[in-house]
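Here the chain labels run A, B, C, D and E in written order, and each chain numbers its own residues starting at 1.
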């Protein structure tokens, strides 16, 4: 199967280094402390944050808990594929929790806990990258202090062409794939996940591409955060204090 | 205050029964199991409506769970020791707290040595519906007055109605009849727990059975019951 | 900027936090609710069809903040021996942990299971909205099992009403593909089978699942002897009792559930609830019809 | 004062020249933002100017020592009463903070005669003052002033009671009195 | 309460009730205090249907569950066979809210009452039977209440006839079922002005029916509840009369 046409176009018409269309909606869930809806191509995820709030009695070891829930209707294929994806989601959410604990200053988590819930509404390629991005946006939307805004991006090497932000069809191939969560300010990788066998040079190529993708995503995410705040400031200016109580 | 008997007095009432219309003027004294609601006196527990000589209405109920009240005497089981208190199970909604200093002669240095599972006979000093009740093993003057740990013996549970009968004055027929022919100690708690001790097991068992079976018996029936039980024991011993 | 005005509104907020009951009582005494609705009006409903493309049909329904996402996925099963002509409709409700701050992830909550029972009762046992015979492909050999999964994304009251509308909307837009059972017992799209038999025959459009009844619900509450229609979560915590009434397109009563509570109702009050449910029915049925027409037109 | 919306991780100013305030942290010699919000610089007399990031243009609401709060009592034992802080000043808080009124902080006089059960009951709404951050789980509260104490309480019969003295309240339905540490109403 | 399952009813069962008229209840029996460990218990039977209810409490509960101002009610329903599922969860929710409606929960703050219900035999009207068993067990446990409830089920049969207290065969043949719980409130002569009829505390339906038929069934249940209430009072008096000397 040909994944990049001779004209240099992918099956969905993108260029190899082109991300899918990103849509971000912040604070759409009223009952939560912060929320974010992220749509990356056909992947749709919704993340919500509760906290920082008083730790429940008999608090767990971890002050941040991040759970990614995969619904049966969001997955292509039957119930078994949902179970498989669900197991992967559990694994990834553990890594994401660790990364978040590095991002949130320790004093915030003293005697308090933060719950992050991510609901996958529709799964296409790059699912966990979208989940991570939504979770981080929701944290920022909830006003949880963060050291930096990170972003995650998924890449793959198909027919010896490095492609960024794989679609479902592309990521189903047995080809080298790598996804990272990247911290721009420190220029470091917080999480890396690879699939299938690859040479070290291929990995380097993918990481470089993924880093570029993350930087592009961070820019878009920051833009969304700033514009939503600006919008809030302008609409709530006469009732500045009234808006604050929803913090 | 009206002293007239209403038709409900002495009858079995059920929770939610409207017993009488409250008069616009005057005082109606209301005790356990009753409340006023929309101009009526209403029962909130099942039982027999009673009226004391002073005119106070109350319901004599019959329940297993003990709801603590100040000055009740109770038989408790020590369940834990927390700092300066023993936690004591008295079959109520909350565990009771018995301060280690609430024993005759107890000081910081000389604390009573009670273990988990030990029985104590105590009185209730505070009882609020939303908090752990407090117990004491001394009376107001600091004397033990019979309160304190109960050693050996046999503990059984019964309804709070039977406990009230056993504690009434004069004592009920069953205890009088037993006391005439046997030697035993009995401690009755308002919390539905009765402790019996005697030199031999047969007597303890006999007393326990006689007491447990006496709840609904008249005086003559109770005396007959004791006589029968005594005869049985003598038969087996003879 | 009028500082006094803001202080007033903040004090109202504090009052609401400290004395929610008294706060609500003041509004109800004036015949209006804190969100500006009159006592007898339910919240505005919106329906988004086909929101999830990975499902065979889906519907996102909102009543105010209350949000439910229903999706159906079709799978093929071998019919049960005692019902060889019937498929299966399997309903599940999940309260997404994000739907309320008190929700913790883990085993299904009691509230979710109560909703499943109410949906089962409304759709299958009482209204018989889905005739399971319609889900049969080949008697004794193959039938559709429709997994109807409903996710409560934001829980702000009247969940029985929101989830039922979401379920009905997803069922009403469900299309069953044409399939055939081959001699080997495999199920293949009938276009392939047809092509094999008669190559020039056109592929057939999938058929719409017929609903035999369209049940919709309305939850009313009783607050200080006043009937409050279409409850929010805040109101559900304050009302003495609530009643969920389900009626269908034929004007039948599909269900009425009053699960106890701190107040009783006489028969006239129950009748008031049914009348309110009929009014709400007309409103919701219109919105549903419009959404379906629009969806069919676009898809 | 600049009016600029910043994002977490943004370098704001040099840490050598400014001090880091709310919503910021210091990294690599720079004061960086921790929140999405408006950057605000306040000049302080003599010292380094303070840089803060203010979310949606206002400060978050946390109990501070000396603040007047309104709390709901949840549990009483002989040593203390537990309460949930629901309002700080006249503003409601979203997630209640835990507070504790210890027996020695109930009233100013005859402190050794205070009985917790005669002062508060679960469900009472209490006006109090924050004493300190207390232990790790709860703020310490005090009602040792005339205008502090119970402002709203329900009787056993479920009716809101009326204060009849500084230590008694009465149920309008049953006329029974209950003991409380009553707050003196100030006009 | 699974009228859709099982074989169809025999035509004889439909034709006529052999032992009673359409508007006649089955024989009621009520036993109390039969569980030693529970604070209150009762076994309620309507004909062959029988349900056992036990009350534990008011007692201490987990810090997470306790409420500062009221007593928390928890209900567990165990079906005769199989594991509890959504049906039982709904029954639990309905019974819990009924209990909360009659118990003076403010009398015992920070505690919990646990109600355990075991279906012993199902021959129709399990929900009503369970409600009646719980009401009797609450009285047995001496839980403070400002009123009590009783429950009756009636059915709309094919051909628009109605029957009260249907057995399992009738339930399965029925077009629709309505189970309702009504409050009971007795007034002694000195408080006769307080007399009020039973009002609907809970209602649960199954099956589709015209609204008029539904209202007929609710009214029929209300009348049935008056009769059940009379029995319930008699049974309660019997269990308490021992010490009325």
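Criterion: contacts are C-beta pairs under 8 Å (C-beta built on N, C-alpha and C of every residue); 3 or more make two chains touch, one makes a residue touch a chain.
Every value quoted in this text rests on a predicted model; they were computed, and no experiment measured them.
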item	value
Touching chain C and also chain D, the following chains	A, E
Chain pair, C-E or B-D, that carries the greater number of C-beta contacts	C-E
Chain of greatest Cα-centre distance to chain B	A
Chain centre separation (chain A, chain C; CA means) in Å	30
Chain A and chain E: spacing of chain centres that average the CA atoms, whole Å	52
Intercentroid distance (Cα basis), chain E paired with chain D, Å	47
Of all residues in chain D, the ones touching two or more other chains	72, 75, 91-92, 122, 156
Where chain A touches two or more other chains at once, by residue number	53, 241, 245
In chain B, residues with contacts to at least two other chains	35, 129-130
Contacting residues of chain B [partner chain E, same complex]	6-8, 10-21, 33, 35, 37-38, 40-42, 44-48, 60-65, 67, 93-95, 129-130, 161, 165, 215-216, 218
Chain E - residues contacting chain D, complex	68-69, 106-107, 109-110
Residues on chain B engaged by chain D in the complex (per definition of touch)	35-36, 126, 128-132, 134
Contact footprint of chain C on chain D as seen in their complex	70, 72, 86-87, 90-93, 125, 152
In the complex, chain A residues that touch chain C	29-32, 35, 42, 44, 46-48, 50, 53, 67, 69, 71-76, 78-79, 115, 117, 119, 121-123, 238-239, 241-242, 245
